[in-house]
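Consider the two complexes below, in which chain A is the common component and chain B and chain C are the respective partners.
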Partner chain A sequence: MIRAEWHKLRTVRGWLGGLIAAFAVIIGLGVLAAFGVHTSCGQQEGEACPAPPIGPGGQAVQDRFAFVHQKLDGDGTLTAHIADFTGIITYPPPNHDELVPGLVPWAKAGLIIKDGTKPGSAYASVMLTGSHGVRMQHNYTEDKAGPTDARWLRITRSGNTIKGYASSDATRWAEIRSVDLPGLPRTVQIGFLVASPANVTAKPGPHGGSIVQARFTQATAVFDHVDRTGTWTYEKLGDDGGMTDWEKFHHNAGLDQHGGTLTISGSGDVAPAGNEAGATIAHTLTGMIVALIAVFVVAVLFITAEYRRDLIRTTFTAMPHRGRVLAAKAAVIGAVVFTGGLIAAAITVPLAVHLMRSGGNFVIPSSTATGVRVVVGSAALLALAAVLAYAVGALLRRGVAAVAVAVLLVVLPYILATTSILPSAAAGWLLRLTPAAAFAVQQALPSYPQVNMPYAPSDGYYPLPAWAGLLVLAGWASAALALAVARTRRADA
Partner chain B sequence: MALDGMTFTAAPGVVTGFVGPNGAGKSTTMRVLLGLDAADRGTATVGGRRYRDLPNPLTHLGALIDANALHPARSGRNHLLWLAHSQGIDAKRVDEVLDMTGLRTVARRRAGGYSLGMRQRLGISAALLGDPPALMLDEPFNGLDPEGIVWMRDLLRTLAAEGRAVLVSSHLMSELQDIAGHVVFVGRGRAIKEAAKDELTIRYGSLEAAYLELTRGEGALK
Partner chain C sequence: MRAALHAEWTKLRTIPEAAVFLLLTVVLTVALSVTAAALGAVDRVEASLLGVRLGQAVVAAWAIQLLAGEFGTGLASTTFIALPRRLTVLTAKAVLLLTGVLAAAVVSVTASVLAGRILIDDYPPLTDGPLRAAAGSVGYLLLIALLGLGAGAALRSAVGATSIVLGLLYLTPVIIGMFSDLETQHHIFRAMPGTAGLTVLSTVDMGTLPIQPLPGLVVAATWAFVTLGVGAAVFCARDV
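Coming up: the complex of A and B.
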């Protein structure tokens, strides 16, 4: 039965041609877009943009903070009390007309052990945050909550193992986490970290979508009862040389030391970078939408042409079990589209990324696992969407109507949700409930709870994980197929 | 309701004519037998089994329902090949039936360019694909030129002589004049009369006369 249906599919030249064209569009548009991308920064045309640092896990990261440090040879410990933690936020809503004292939720002040002063190097840190209590974070992506009321912090190193502690009274200490930093050299930097990420807000735009605003903030922490002596060195780590008016005229970032008390001011963040850092590997799959429509046409015709020509009677005469025939056809169109989509995506993603990089553009690195998920997931998305379109065709038995319904179900919600037409809450629901949820397979960067970002669909972040998105689409496809089978069994052919 | 009391026999080794005016229920009977249309009551079986319960049904009963049921972009040979795949029939058999029906030379051309006569031959090829003991052909003479009609008569005669049961529907008695050994007359969804050709010729003088006599006033059901 499968063989018969496969023979049917491959012997109509237009269908095979349509499918090959669809896959060629994925490769072609991906490569074309890669050639078309030119980024330049600074005054001079063609000046390369500074790439974000890469963390130990291979991700693009942010590593910009006030770093007060001294050398640590071998094992050691640092304990301090945070006497004060304050900050300013420049011109926040509602009126945007004044500097407001206050800390953003993920402002950070604490103790850090870091593999040198190169941005992107390995570290572990125990810190007090603006409104998320004490945390132990390491290597940019990892985060663990500690007590909320503690002001005493301690960090220890023993070999590659870093432990973070917190206490509210300096006598009873709670260990937050013990982390391993593999390959940590004997000599590292130990000291203090103060960072304050931008104050980010998103509000609905006047023409739909949302307007994201980021404002400069600065945090100041006062550390006392410091148990290490020796000279402390201040460094504005990851500094790009730019200074805000606040830093120029009011209060610059830096270290102010009076005896054992250190007052440190700083901005920035130590965290994974988001999509703002550059293009992701998913940007190479821009041909998917056009390919989807071409695939829909073939998948729909695969069944509606049989009704139009009354060929369906011959089919059901040769294979009287109608449900099984419809399922076999679904399997054939799904498998063919999956295979073609897999080949197309497996060529496009590495090729286009290579072209973009050799053109001097920064592409945010993704792990192999993420790359495989984007490629295989995109093929699965194409295949399941093709089955959905085919099932709608089997249900409606009208070619044009079925293609229109498939586009309405899959392509339209995706476009509405990702192009800043709808408010992001509505966009989120479209990407949870409609078949377009499956585009979640193309999210190249994870979202992190410890980073305050809007994570909007228009930036390539989806509300569902990849597997759940595919499951939503699979649910739609199965439901449509079940309805089609029910109708086909009941009616005279 | 299109059919009511449609009971008759098509015996092996004989061409059974299935005649009646347009709309008498000939095509519907065939569709019900093939499981394409559902009957409200009663059973339609092939060799004692429901059609849908036959494994590889084309090897039990070959049928030609609508010669135009083709995808125009698919070649005649590929049309037969997918049918062969669906029945577990070897591709060699496809070329055999193409030779039997004289389509070999055009088999690799798009079926959309075939004349109605060529489509009828392709339909017959499909019916013969499974080498079935029983054949059921709905208006196979439609669209054939005089030469084609002669060819078709010879083929049907040969197929019956091989011991197959061959049921051929027609709304024109003349087409079956020389080949039908047994005739079933239908009207208004019923089998009015079935009898051997010899018996009918003796009683009515000719099959044509029997047809006119028996189907008078038996037009389509509304």
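Coming up: the complex of A and C.
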């Protein structure tokens, strides 16, 4: 039965041509997207942007903070008390006309052990934050909550193992976490970290999308009862040389040491970078939605043409089990589209990423697992959407209506969610409930709770995980197929 | 011409297709408009008319079906035997299409704006945006109907024409997103019927739009009439 259906699909020249054209469109638009990206920084056109540092996990990261450090040979420990933690936020909403004292939620002050002073190097840190209590973070992406009221911090190193402790009275210590930093050299830097990420807000744009604003902030922490002696060196880690007016005229970042008390001011963040840092691998597959429409045409005609040409009677005479015929056709169109989509995506992603990189653009690196998920997931999206369109065709038996319904179910919600004036909460629901939820497979960068970013659908962040998004689409496709089978059993051909 | 109109009217009247498409236009347009109005947005007028973005697909699909559908079923040869002057047939179809779409558009746009006035706090006074956006929306939907008719006549494959027209209307933002250069983005925005034409919905921050509503409608009209011209040429010249 499957062979018979495959034979039909294979021998209609327009259908096979349509599918091949669709897969060619994926590759072609991927290449176009690669040439469409031009990042230039500085005054001159074509000047390359500084690439963000790469963390030990291979991700693009932010590594910019006030680092007060000394050498640590072998094992050791550092304990300190945070006597004061304050900050300023420059010109926040609603009126944007004041310097407001205060800390952003993820402002950080604490103790850190780091593999040298190169941005992107491995580290582990125990820190007090603006409003998320004490945390133990390491290697940019990892975060674990500690007590909320502790002001005493301790960090210890023993071989590759780093432990963070917190206490509210300096006598009873609670271990927050013990982490392994593989390959840590014998000599590392131990010391203090003060960072203050930008104050970020997003408001809906007048013509769709959201307008994200980031404002400079600075945090100042006073450390006393420091149990290590020796000289402390201040370094503005990851410094880009730029200075805000606040740093120039009010209070510069730096270290102020009086006896055993260290006052440290700094800005920036030690965290994974978001897609503001550059293009992601998913950018190369934005053209896939164009191919999707061509796939709809073939999938719909695959069934409606049988009705129009009355071939369906022959089919049902030859194979009287109608439900199985419909299922076999669905399997054939799904499998063919999946295979073609897989090949096209597997060519497009590496090719377009290579073109973007050789054009001097920074492409945020993704792990192999993420790359495979994006490629295979995109092929699955195409295949499931093709089955949905085919099932709608079998249900309605009218080509124009079926293609229009498929576009309105899959393409329009995606467009409304990512480029229209719908508020981002509503956009999120569109991407949870409609078949467009499956576009979540193309999210190349995870969102992190310990980074205060808007993570809006218009920026390529989806509300559902990849597998759940595909499951939503699969649910729609099977529901449509079930309805089609029910109608075909009941109605005349 | 009267005979042609009468014939086309009989075809429309005797199958439920036209009624279904027009009813769907109204229902879907008003439904999305009301939802968006209830959710709110910076541009209150655009929110209250957001359903036009959805309704245009139904309008385009009907226009294509009205024309290309006949080629699919083979009815076209009968039509041409009865009415050999093909331009007259096309004109009659266009007249009925525009009448139907005009009625559906006026109903859905009026209902959307009224719903917006009720649902949205401090909805601007009618003359201060809503009226212009509503009239523009009706004009835009009529142009999309002509675009669909032209595409249906030019391509004949109803399904193929539907996918191309809907792709043209909906995928422009995706193509724009592939370019990081603002100037290229604005060029594409200004050139395409869906993006340029739907600037009629905008009523705030007009200075930041790549194209203003009236020139935007002219772009959409150019697309519609060029497609219609090509469609008419193919329609008159080709064998059935």
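In the analysis below, the second predicted complex is superposed on the first by the 488 of 493 C-alpha atoms of A that agree within 3 Å, B and C clash if a C-alpha of one lies under 4 Å from a C-alpha of the other, contacts with A are read in each partner's own complex, and residues count from 1 in each chain.
Here is the rule we go by: contacts are C-beta pairs under 8 Å (C-beta built on N, C-alpha and C of every residue); 3 or more make two chains touch, one makes a residue touch a chain.
Note that the structure is predicted; figures quoted are calculated from it, not measured.
Bringing the complexes onto one copy of chain A puts chain B beside chain C with no clash. By the touch criterion stated above, A:I289 is placed in contact with chain C alone, chain B being left untouched. Applying the stated contact rule after C-alpha superposition, one finds that A:A51 touches neither chain B nor chain C. By the touch criterion defined above, A:A318 reaches chain B but does not reach chain C.
In the overlay built on the shared chain, the residue A:R3 is in contact with chain B alone; chain C does not reach it. With both structures placed on the common chain, the touch criterion links A:L422 to chain C but leaves chain B unconnected. Using the contact criterion defined above for the overlaid structures, shared-chain residue A:V407 touches chain C, although it does not reach chain B. Centres of mass aside, this uses C-alpha centres: at chain A, the angle toward chain B and chain C in the superposed model is 50 degrees, to the nearest 10. In the superposed model, more residues of chain A are touched by C than by the other of chain B and chain C.
By the touch criterion stated above, A:L351 is placed in contact with neither chain B nor chain C. Legend: residue contacts after superposition of the two complexes on their common chain; A:A21 is shown touching neither chain B nor chain C.
Taking the two complexes aligned on chain A, the least Cα distance separating chain B from chain C is 12 Å. When the two complexes are laid over each other on chain A, chain A has no residue in contact with both chain B and chain C. Contact residues of chain A toward chain C in the complex are 29, 32-33, 36-39, 203-207, 279, 283, 286-287, 289-290, 293-294, 296-297, 300-301, 304, 308, 398-404, 407-408, 411-412, 415-416, 418-423, 425-426. Within the complex, the chain C residues that touch chain A are 28, 35-36, 39-43, 46-47, 50, 53-54, 57-58, 60-61, 64-65, 68-69, 72-73, 158-160, 162-163, 166-167, 170-171, 173-175, 177-181, 184, 202, 204-205, 208-209.
Residues 31, 34-38, 51-52, 54, 57-58, 63, 65-66, 68-75, 78, 81-83, 85-87, 126 of chain B are the ones that touch chain A when the two sit in their complex. By the touch rule above, chain A contacts chain B in their complex via residues 1, 3-5, 7-8, 11-14, 305-306, 309-311, 313-314, 316-321, 492-493.
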